[in-house]
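Take a look at the structures listed below.
Next come two complexes, and both contain chain A; in the first it sits with chain B, in the second with chain C.
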Partner chain A sequence: MRRSVRIANTAVIALIFFGGGAVKQSSFAARAQQKTASAAEVKIDNFSFGPAAITVPVGTTVTWTNRDDIPHTVVSTDKVFKSKVLDTDEKFSYTFDKPGEYPYFCSIHPKMTGKVVVTN
Partner chain B sequence: MSRKTKDELLHDHNHDGVDRRGFLKCMAWAGTGAFCVIKGGVLNSYSLSRLSEMNPADAKGELSFVQISDSHMGFNKPANPDVAATLQAAVAKINALSTPPEFLLHTGDISHLSKPEEFDTVDQILKSATAKDVFFVPGEHDVLNDDGKQYLDRYGKGAQGNGWYSFEKKGVHFIGLVNVMNLKAGGLGTLGQNQLEWLEKDVKHLKSSTPIVVFAHIPLWAVYPEWGWGTEDSAQAISYLKKFGSVTVLNGHIHQTMQKVEGNVTFHTATSTAFPQPKPGEAPSPGPMKVPAEQLRSLLGITDVNFVRGQHALGIIDANLG
Partner chain C sequence: MNPFDLKSALLAKHAQHVVLIHFPIALFIAGVAFDFLAQGTKRRALAAVAYYNVLGAAWTVIPVLATGILAWQLQLEGQKLKGILLLHLLFGCASAILIWLVFYLHIHLTKRGQENSFPAFRLALETVAVLVIALTGHLGGFLSGVNGPN
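Now for the complex of A and B:
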């Protein structure tokens, strides 16, 4: 019990020492919360992206996984991002730092198209 | 395939549901490749897997060559865990031809992932072919990650642009086109303006009696645009070839044989030496068809194909060889 109090005190001192303790703490919390919501998955199956369109908050990292027997790529139509060729079970991730619409396609099989919508 | 046979097929071929307009003339999983004979300026194409039944007289013409396609070296999934062995089997068939072909055409997807060792393996296997000259065009799998630089270094010496070129053999004008570069979202294969302009100039000086053979990876006709099986600007390319009496277009990409005649132009696609793909629209996607191991080689045409696909479609190849 005593020990845990001492740790708590140390923590408070540390926060004060770095200044603006309360504010810092809440921004940490926000960031942690964002982190839990900041990953999204797109699967590549049967020559299609699933889901073909996703909406995610700014800062989200989207990961594509190729589950086909045939290689695919994930290439932004507006040249924002471009994966190397993904063989079976290989992944590609991109973190979206700005809001907007990001259409993309497979440059090997251009009939395969998808879209990431990034919101504030 | 004689002209007469083609006409018969048009009338006789009405069970598939895909060829009612008379466009698709035959579809079959026959052939590791195609043995092509040019006779009287007209190209006749025979499945490599059925050549034992071919009348030897049909194999002789002014010029013969073999088209192989879609080796996908490096592919190792259940649809065919040993694509090197099936390519070797194709070469063995080529070497067993009673009329040795003058050269080979490879219509792309030499490799599966554009890896140097994949190209090396294909080159090594093709060295064992008795026909020493091999003419290539790239498939989309050959130009991954580097915009086709490696492909050009290996196979594109003396070629134009992304690897297109033409050459003459015994009075026949061959044109290798590239339609797998700079593909646009939502689109099909693309030749592009530069290549089209080159093509127009390339054929301008030729006499209209010159037999023309065009080869490219993705079909230069709309086989099934829903799966990307077609080329956006192929109509323009074909329009430059209107004046010629005999035009043959050889493609790969769809891992099955199809033929179509449009005026003076005959279109063919070749099977893959690696794995079969489904007929247009008959599967959720054009991915590799997984078949029991004992059936695989028959689907690649290395052994008799009669058991595998519908009797009807295969009967056409039989008729052609009769």
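Now for the complex of A and C:
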């Protein structure tokens, strides 16, 4: 009897330990997946957006960071979003809630263009 | 874009200011150079050339100021400026004031028929104006990406 209780206790402890770990692991994985699915970065450097075109799922927040020595802006061609003037190391974020193509440019340097493609 | 397409050229985003700015810069620097020559050689013809160059600079600086301020108001929606953009605006305004001040001196003395008796501070003022214009142009070139791959 004592032996079977001990075995049962060990089994419960093992279940809690490994099971909990598995749950923890799966929640970490889910969080990581969520993170990659909901955030994207575009670097502004040397008078260009990098990458110039990105494809992201709906709900993604895209963050533009100005790594250039001079000010830039991020302005949607269709007037969906518009940043203030970004000095060096300043950031601008926008969350894309609808699928579609979002071309944008820098209003100080209109030759600088980029595009965000939002998919379902 | 076709460079000879007038509509595209006139409606190009923010292009007018960077095109027009070359006129007052070139005219004013040429005017100052001729004024120095006129002062050194005492030739009235050179003083007249200096006067007309400065005259051209004074009038062409008006559309440059207007397009610069329009670019700020329209492209940047009149945002509060800082850094290089603010410096460019301030030095640009200072340049325009200096150009008009030099022009006023020229017009004032020419009307009096005293082209050859300019006050000595005029050349110093013109030198300062050229330096401020050069600094404004340098900042403008930096902003427009003249040194970059744009």
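Everything that follows uses one rule, which is that the second predicted complex is superposed on the first by the 84 of 120 C-alpha atoms of A that agree within 3 Å, B and C clash if a C-alpha of one lies under 4 Å from a C-alpha of the other, contacts with A are read in each partner's own complex, and residues count from 1 in each chain.
Going forward, a contact is a pair of C-beta atoms (placed from the backbone, for glycine too) under 8 Å apart; a residue touches a chain by one contact, two chains touch by 3 or more.
Because the structure is predicted, anything quoted here is derived from the model rather than measured.
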Side-by-side fit of chain B and chain C on chain A, or clash: clash
Touched partner set for A:T60, first chain B, second chain C, both or neither: neither
Which of chain B and chain C A:P110 touches, first, second, both or neither: both
Larger contact residue set on chain A - chain B or chain C: B
Partner chain in contact with A:N46 - chain B first, chain C second, else both or neither: both
First (chain B), second (chain C), both or neither touched by A:D87: both
Contacts of A:T77 with chain B and chain C, given as first, second, both or neither: first
Chain A residues contacted in one complex by chain B, in the other by chain C: 46-48, 70-71, 73, 84-85, 87, 107-111
Residue ranges of chain B touching chain A (in the complex, touch as defined): 77-79, 112-114, 140-141, 144-145, 183-188, 226-228, 284-288
Contact set on chain A toward chain B in their complex: 46-48, 68-71, 73, 77, 84-85, 87-88, 103-105, 107-111, 113
Chain A-touching residues of chain C, taken from the complex the two chains share: 12-14, 75-77, 79, 81-85, 142-145, 148-150
Chain C contact footprint on chain A (complex, rising order): 46-48, 70-71, 73, 82, 84-85, 87, 107-112
